[in-house]
Amino acid sequence: MIDKTLKTCEEAVAKVFDGATIMLGGFGDPGLPGRLLEALRKQGTKNLSVIHNGAGSGDWALGGLIKDGRVRKVTASFPNNPGAIAFQDLYLKGQIELELVPQGTLAERIRAAGAGLGGFFTPTGAGTELGKGKETRVIDGREYVFEKPLHADFAFVRAHRGDRLGNLSYRKAMRNFNVPMATAGNVTIAEVDELVPVGGIDPENVHTPGIFVDHLVALPRHPKLVEIGPPR
Amino acid sequence: MKLTRDGIAYRVACDLPDGAYVNLGIGIPTIVSAYLTPDKEIFFHSENGILGMGPVAKPGTEDVDLVNAGKEFVTMLPGGAFFDHPLSFSIIRGGHLTHSVLGALEVAANGDLANWRTPGEKVPGVGGAMDLAFGVKNVWVTTTHVTSKGKPKILKACTLPLTAPHCVKRIYTDIAVIDVTPQGLVLREFAPGLDPATVQSQTDAPLQIAPDCHAMNIPEAPKGVPLAA
Amino acid sequence: MIDKTLKTCEEAVAKVFDGATIMLGGFGDPGLPGRLLEALRKQGTKNLSVIHNGAGSGDWALGGLIKDGRVRKVTASFPNNPGAIAFQDLYLKGQIELELVPQGTLAERIRAAGAGLGGFFTPTGAGTELGKGKETRVIDGREYVFEKPLHADFAFVRAHRGDRLGNLSYRKAMRNFNVPMATAGNVTIAEVDELVPVGGIDPENVHTPGIFVDHLVALPRHPKLVEIGPPR
Amino acid sequence: MKLTRDGIAYRVACDLPDGAYVNLGIGIPTIVSAYLTPDKEIFFHSENGILGMGPVAKPGTEDVDLVNAGKEFVTMLPGGAFFDHPLSFSIIRGGHLTHSVLGALEVAANGDLANWRTPGEKVPGVGGAMDLAFGVKNVWVTTTHVTSKGKPKILKACTLPLTAPHCVKRIYTDIAVIDVTPQGLVLREFAPGLDPATVQSQTDAPLQIAPDCHAMNIPEAPKGVPLAA
């Protein structure tokens, strides 16, 4: 019997190695694999390269990992989120590398990796600073920029429900980067709110089929919210 | 008279057509939804995988899994949908949204938009701004007409890094509504009590005056907040 | 109030013009917009270019349209399905054009159109007859073929449920090409089994958000199955 | 002795490991699932958007919306999932399936596969064959060792149009199990009553003999159909 569940986040992150590239799902708090990140923080590997929409908030989860000096590079679209104090501090000191990618291009590059594509042409960024130095091509009268897939050694995702086969379903705005990242990690580890029996997720509502998931850990959601924005 | 932030949002809301699919940026654009009249059915998109988004959640009713692109707790309207980032940006990049309402640092006469890198900003960030500017059919900009130091934001050419070239279709400011056309900028409306010459004096790029150019028709304070002052 | 529903398939296909490119969803019978196709057959436009996985079966729906000489070109992955008699007959006489595309490349080209991409590099076909004459590129040590997006004037899809806003949900194996095609048609027309009130499809289970759909027609499913394969 | 079609399928079934994610092509591969033992949990994928597919539906229980890539009515096992074509082929192309079991017209010593264009075929069709051959980690081929006219199908080089170059990892025929290695073909097993020399005499490409090369262990008719004759 296949059983991809693990008891603890510590076991789940044990194989992360120095210099590994890690994708982190989540956009704000929904879908953020916070407990996996805290376990990774304890685990101690360094020189990590992180792919995430932002650059962490405060000193918890990704923010904490960066604060601890464990992250060499961040690939993100929005590392200037107000809470990303640890990142911004190191960035201004020249102690952390940034690859800035428009959000849609980031999502598409991750998907391309999971889909086995060698790259794609997107209009986004053509003729701007973020397109500079990149191959461009005019296709049917429009200018496009060539973008390559983004692979990772590990993808950390958070879903709502999961089963022992690794099937995942998300709630509301949790899907975000988790769905493509689950397909693009060499090893994909999911943190879920609830473990359900096989068949407990309707086949119509499986958002990440188990084929993409290597391990999952079911843990009550961490009550901490790291990215609640101020009312605007 | 100048429009307030609510006034600019009100003016945008007047122009959104029934059935529009709209992404509202952070800042003034967020206020637009408050001024929509109930005769129009408009669908709001959020980059993080929502279509059919409703207003911000009332305190005490927040759902921890439901935030918008600005990380505020929001609600859903009936008939909405959740999806992942690749589909969310297929909707943006594929030209499926009818309107993107964005803030601006600078807009040029040819529709070039600069809104992602502020001059003093040391840590860059782009988010979904470029995808929206490149992908959406009607990019509408909301901005004060001039900077806090009185410098025009509507220029012959942008000086800041571009978000996207040739993307803006219409500009809503605190003193004007301006169309970006292949022939240049066309002044359509000006704030009550002003005139086209005054608008031009605060605009770096040359303005053509639309044949039916007129003063905006702005009510006082339909939601309790003054629209002009 | 937005209402994208139409009463009849005849109204729905009325704007199809001579020379139009039409995507047809469905893989076998599940998801085949058969009633829209029959309406199109009556409607009479010609020189149509059709994008579909197969090339029709028998003389109903796409098979009938081809038999009537209305289709100039078929873009397909599997036009040699045993039932595609009308297509095969015209093809052997040189009276219909074929663009043969591997099934995954076909799906991805359609998705690319809906996603606003200018093209992509896929490994499929490199070094084969179907890669001949195409641009190739070695990326990270592997050879890829460049493929362009496939757009269409019209996309005909079939879903299970739909609402007046155009939101669609499918049943079981109905999603297939319908989901990407709905995003790639300039005008997307859906045939659904059942019209439900707005809110009748859970936002978690909307497979095609209404933004992609221009018109929909709710009609009881046609009892005819055109592609039941023989037991093997 | 030669293996029957069921015998070849049986032999493949023996090698599929617990937890494998498998796409079965049309023909002999389809039979493989019948010979899996209940101690293994194996997940079947179908190009048209199914993972966790079960057996063909019993007459009278067919669901009109549930067919496999061969357009047969099938069933689902608990823990399965439905998805669209782009995701289905992301699973294939992205290397997520562990095994693709395909038929072959020709296989070359370097792993080249030809299985999509038959010599006499006038209307071409490729379906998902190329994506599977290019994308899946372990491409296993099932085929009769020679054509109906007695010509070898395992060749020094393919003569028919390729499905994919260098893709085949293992070949299951009615008389042999052969691994494709960087050093060439390696004979692992031969049908009961045969010997390596006999297999080589029916193979165009040179075969190396594995140190532990042995006769296959084939039961008589576990499902009522003879596996060898």
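In order of appearance the chains are A, B, C and D, and numbering begins at 1 in each one.
Keep in mind that, in the parts below, a contact is a pair of C-beta atoms (placed from the backbone, for glycine too) under 8 Å apart; a residue touches a chain by one contact, two chains touch by 3 or more.
Only a predicted model underlies this, so the values are computations on that prediction, with no experimental measurement involved.
Fewest steps needed to get from subunit B to subunit D, stepping only to touching chains, is 2. Between the CA-based centres of subunit C and subunit D the separation comes to 30 Å, rounded to the whole angstrom. One inter-chain figure worth recording: subunit B and subunit C are separated by 36 Å, centre to centre, where each centre is the mean of the chain's CA atoms.
Averaged C-alpha coordinates give centres for subunit A and subunit C that are 33 Å from one another.
Contact of a single residue of subunit C with at least two other chains is seen at positions 108, 111, 115-117, 122-123, 171-172, 203-204. Across the assembly, subunit D contributes residues 76, 82-83, 86, 89, 92-93, 135 that each touch 2 or more other chains. Screening every pair of chains for touch gives A-B, A-C, A-D, B-C, C-D. Those residues of subunit D lying in contact with subunit A across their complex are 18-19, 21, 41, 43, 45, 51-52, 76, 78-83, 86, 89-97, 135. Those residues of subunit A that touch subunit D in the shared complex are 1-2, 111, 113-117, 163, 165, 167, 183, 198-199, 203-204, 206, 209-212.
Subunit B meets subunit A in the complex at residues 26-27, 30, 46-50, 56, 63-67, 69-73, 76, 82-86, 88-89, 92-93, 117, 121-131, 134-135, 161-165. Across the interface of their complex, subunit B is touched by residues 27-31, 76-81, 84, 87-88, 91-92, 98, 100-108, 110-111, 122-130, 160, 170-180, 207, 221, 225, 227-229, 231-232 of subunit A. Remark: subunit A residues 108, 112, 115-123, 137, 139-140, 142, 144, 148, 169, 171-172, 203-205 touch subunit C in the complex.
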